[in-house]
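There are two complexes below, and they share chain A, which is joined by chain B in the first and by chain C in the second.
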Partner chain A sequence: MLADDDEDDRLFFTDAFEELKMNTKVRTFNDGVELMDYLNTEDVILPNVLFLDLNMPKKNGIVCLKEMKSNQKLSDIAIAIYSTSASEEDIEETFVLGANIYIKKPNDFNKLKKVLSDVVSINWQYHTNGLNKDNFLLRI
Partner chain B sequence: MKLFLKFDFNTICKKVLEEKLYELNLKYRVLGFGEVEIVGKLSSDKYHELQESLNKYGIEIVENQKSVLVQKIKDAIIDMVFNEDTNVNVKSSVYLSEKLGHSYGYLSNLFSEITYTSIENFIILQKIEFAKQLIITTDFSLTEIAFRLNYSSVAHLSNQFKNTTGITPSAFQRIISKRREKAQKANN
Partner chain C sequence: MPRRLLKHSGILLKIIFFTSVFIIIVIGGFAYKQISGLTDSTNVLITTYRINVELEQVTSYLKDAEIGHRNYIVTKDNQYLEPYFNARENVNNSFAILKELTKQNEKQKQNLTELNQLTDKLLTNFSETYDFVENDSTKSEGFKTLFFEEKIIMDSLKKKVAEMIRLEEVLLKERQKEYRDNVKFTPLFFYLVILTTIVLIIIAYFKIINDFTRIKKFNEELLIFKESTSQSEIISKQGNWIWHSEANSFTYSDNLYRLLGEEPQSFNPTINNFLKFVHPEDLDMFKEDLGNMMKDKDLPFINYRIIQKNGNIKHFKTYGKSFYGSDGQKKVLGITTDVTNEIENLITLEERNLELERNNKELSEFNYVASHDLQEPLRKIQTFISRLEEKEAESFSNKGFQYLERIKTAADRMRSLIDDLLQFSRTNKPDKAFVFSDLNELLENAKQDVAETILDKKATITSDVLPSIQAIPFQIQQLFLNLLSNSLKYSREGVSPIITITYSKVKLDDDQRFKDITKIYYHKIVFTDNGIGFEQKYANKIFDLFSRLHNKSNYSGTGVGLAICKKITDNHNGFILAEGKLNQGAVFTVYLPAN
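Here is the complex of A and B:
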């Protein structure tokens, strides 16, 4: 699941997943309001990982992150921040707020594929091996 | 008086399965016909309890030999990493092949085939998880942690930590303690 206001980035992202040929379903949202509305619908199927852009109109990534972490139903979703910013402050702030992964958006399509496959596989490791998700921090 | 009954075996099986899983307090998802995913870890005690209760209804858990062996490899690695007594100075490949009675090449290929990751990566992941746990639950210095986990030096541990997680051990410690402060403030 991805929330990002940039259309090119969304396309880039879904194409990368398609080429990886992993057994995954991808769903994208244009902004934070759309994302949170979807997550708050009844009987929603929660994603294994949610990729969240920080700079979005209407509702930014930080606000979405805070809302999810304070909502019991949503607080267990693994959150990957997906941002063009590589500022140490942004990184640390989002981790402290409960993000699990921080991805600096790669410019190169093959790098993106590598990053996404790493994220999915390490998230799977946490999921299948009963590892402590509170200690799950990854920066790539 | 005679009653004529019609059965739907699929429904019966599914109901029995759901009831038994519920009785054992297991969180589960029925994935389709003849397949159930247990959410979280299933202890071997619970596994046997479940097996026994299902057997009464003629339902059997089909064990996949490959998955069983992979689970054994994982258990052996976790034991090796987390248990000091078994954390001897033997190469992990020797340790695993002796403990499980198969050649390392066989174990290694099987592991990669089933889990999509290598034994080496799995060992590193477990060691780093253990290091994280020690960093936040004990007062051990990084030097002591490196020694406990059989790293040749602190630099080696730090490097592997950074390579695996993308952050340094001290950044990790800082983030977790800030999270805790925040949680405490929220509770007050």
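Here is the complex of A and C:
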């Protein structure tokens, strides 16, 4: 599941999963409001991993992250921050708020494919136990 | 100092005055005694002469009586008896005088009594001889006997008188000697006394003249001090005032009037007259402070505004401190300063500071946002290029594929420019905390970051043991990384890079190459390489942003890396210097302050 306001990025994202030919269902949202509305519907099927862009109109990634972590129903979803920037402040803040991994959007399609396949195949239970600030940012 | 001198001088003058008075009183006493002694001596002298005269007188009377008596015996004429009859009375008168004169002298008193007896005897003898004369029996034996006795008595009398005169002469001699002694010492004594008094007066005179000169000098100094105070008040825009607590009155210095925009001493220095100048908005606060001052006899620094008659508003700062005047009254001495210029300057400075801060922040934000926002479209361009390369490569002509490669290179270059710019703008942020950091560890981390290049280029890096210092760790790591990548990047074709890192602690205080040296000791870390180097004339230029010495098709630098190094050493109050020799290598020296 991906929430990103950028049409190109959504395209890269779905293309990558198509080419990976993994047995995954991908759903994309245009902004934070759309994402939260969906997550708050009654009989929602929660995703395994949510890729969350930080810089979105209406409701940005940080706000979405806070809302999900304060909602018991949604607080267990594995959240991968998926952002253009990798500034210290953003990494620090999302780590403290409880995101599981931080991905800096790659500038090469093949790298993107590799990152996505790596993230989807992470055992979140195991990853979360050993999580610290140093391995929070995914190194490509 | 002058005050103490004058005080001492006062004591000295008092001592001289009282000593003089004492001496003069003593001298007066002595003089009185001397003069009365002289008078006594004179009186004694006179007495002696008078006694002698009286005694001669007595002898003379008795001789007259004797002569009269003899004449009567010869002539039987009664008229010759006259001196005899008078003798008794005259002698008695003389005796009375002599008795009075000799009452002090026992010996003479006794002599006088004996003389009196002899006289009585003589006169009795005279009267006894009358009978013989009446009866004409002068030739009888009885008469002869009496006549002979008369001669004997007369002789005794003369002897007695002579004895008395001699005694008086002896007394007179004694007294004359005494008198001479007295008279001999008196002038000398007076002379000495007058001399002493003159000396004392001279000492007092010089003392007074001396003090007077000194007081004149102090007065002169005081006058100069007063003038300089008045001048300095004008220059420093200060005025002073005194509040006399007991009289509840004020005195203002001339310049205080000037500060209020008035002529000196042009109105009565009362509270109400001053309150007329105070800015209405500050009036309540000022009155409260004034009330507190009258209660506490002290005034802390207060700030207020006044309005001059011409409408100018001035900022005043006032301070007061209590002291005791020479009259023992408690007073408050106040200093009032016109701080209008300072306050206006401060406001301007604050405004400029704020503006500068705003500009700086805007610039930094612009830099950050620009490079950050540029990343997104660039990333997409790069991703699309990678899509084209992979999916559509076969449908391109050779030329098309070449163009694609050129686009890719340009996009990569833009990527590294943006990354470096972002790095540079992050280095700008000054709010990073200094922590105690091990430089060896930071160097090791930097080496890890370029490990791949080290392997590729077969580079050798040797380093001394570095110290631990107060630093911003990620910045120092960035500094090391940039210096290492720089050396690796500008290595000579076909020569394995050798990078040597040496460390020493040095003293920079007399080194002319550095400005703004804040510490004495510095950590000196030197990076030496064997790369392509550069010409020494570019040594300072290479730290400028976007400055490059080499063609970018040969070397892929952006001209930001060394600018970042400069910024980081600046952030640490340190320095960085570059030395180069073309085709031999470069030396970068980093100085970081040691505590």
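The rule is short, and it goes like this: the second predicted complex is superposed on the first by the 122 of 140 C-alpha atoms of A that agree within 3 Å, B and C clash if a C-alpha of one lies under 4 Å from a C-alpha of the other, contacts with A are read in each partner's own complex, and residues count from 1 in each chain.
The rule we apply is simple: a contact is a pair of C-beta atoms (placed from the backbone, for glycine too) under 8 Å apart; a residue touches a chain by one contact, two chains touch by 3 or more.
On a predicted model such as this, the values are computed, not experimentally measured, just so you know.
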| item | value |
| --- | --- |
| Contacts of A:T84 with chain B and chain C, given as first, second, both or neither | second |
| Chain B versus chain C as contact partner of A:L131, first or second or both or neither | first |
| Touched partner set for A:G98, first chain B, second chain C, both or neither | first |
| Per-residue contact with chain A, leading partner among chain C and chain B | B |
| First, second, both or neither for A:S121, with chain B first and chain C second | first |
| Residues of chain A that lie at the interface with chain B and also at the interface with chain C | none |
| Residues of chain C that touch chain A when the two form their complex | 372, 375-376, 378-380, 382-383, 386-387, 390, 415, 426 |
| Touching residues (chain side chain B, partner chain A) in the complex | 40-41, 74, 115-117, 122, 125, 129, 132-133, 136, 165-167, 171-172, 174-176, 178-179, 182 |
| Interfacial residue positions of chain A with respect to chain B in the complex | 92, 95-96, 98, 102, 121-122, 124-125, 128-132, 134-135, 137-140 |
| Complex interface listing, chain A residues touching chain C | 6, 8-9, 12, 15, 84-85, 87-88, 105-110, 112 |
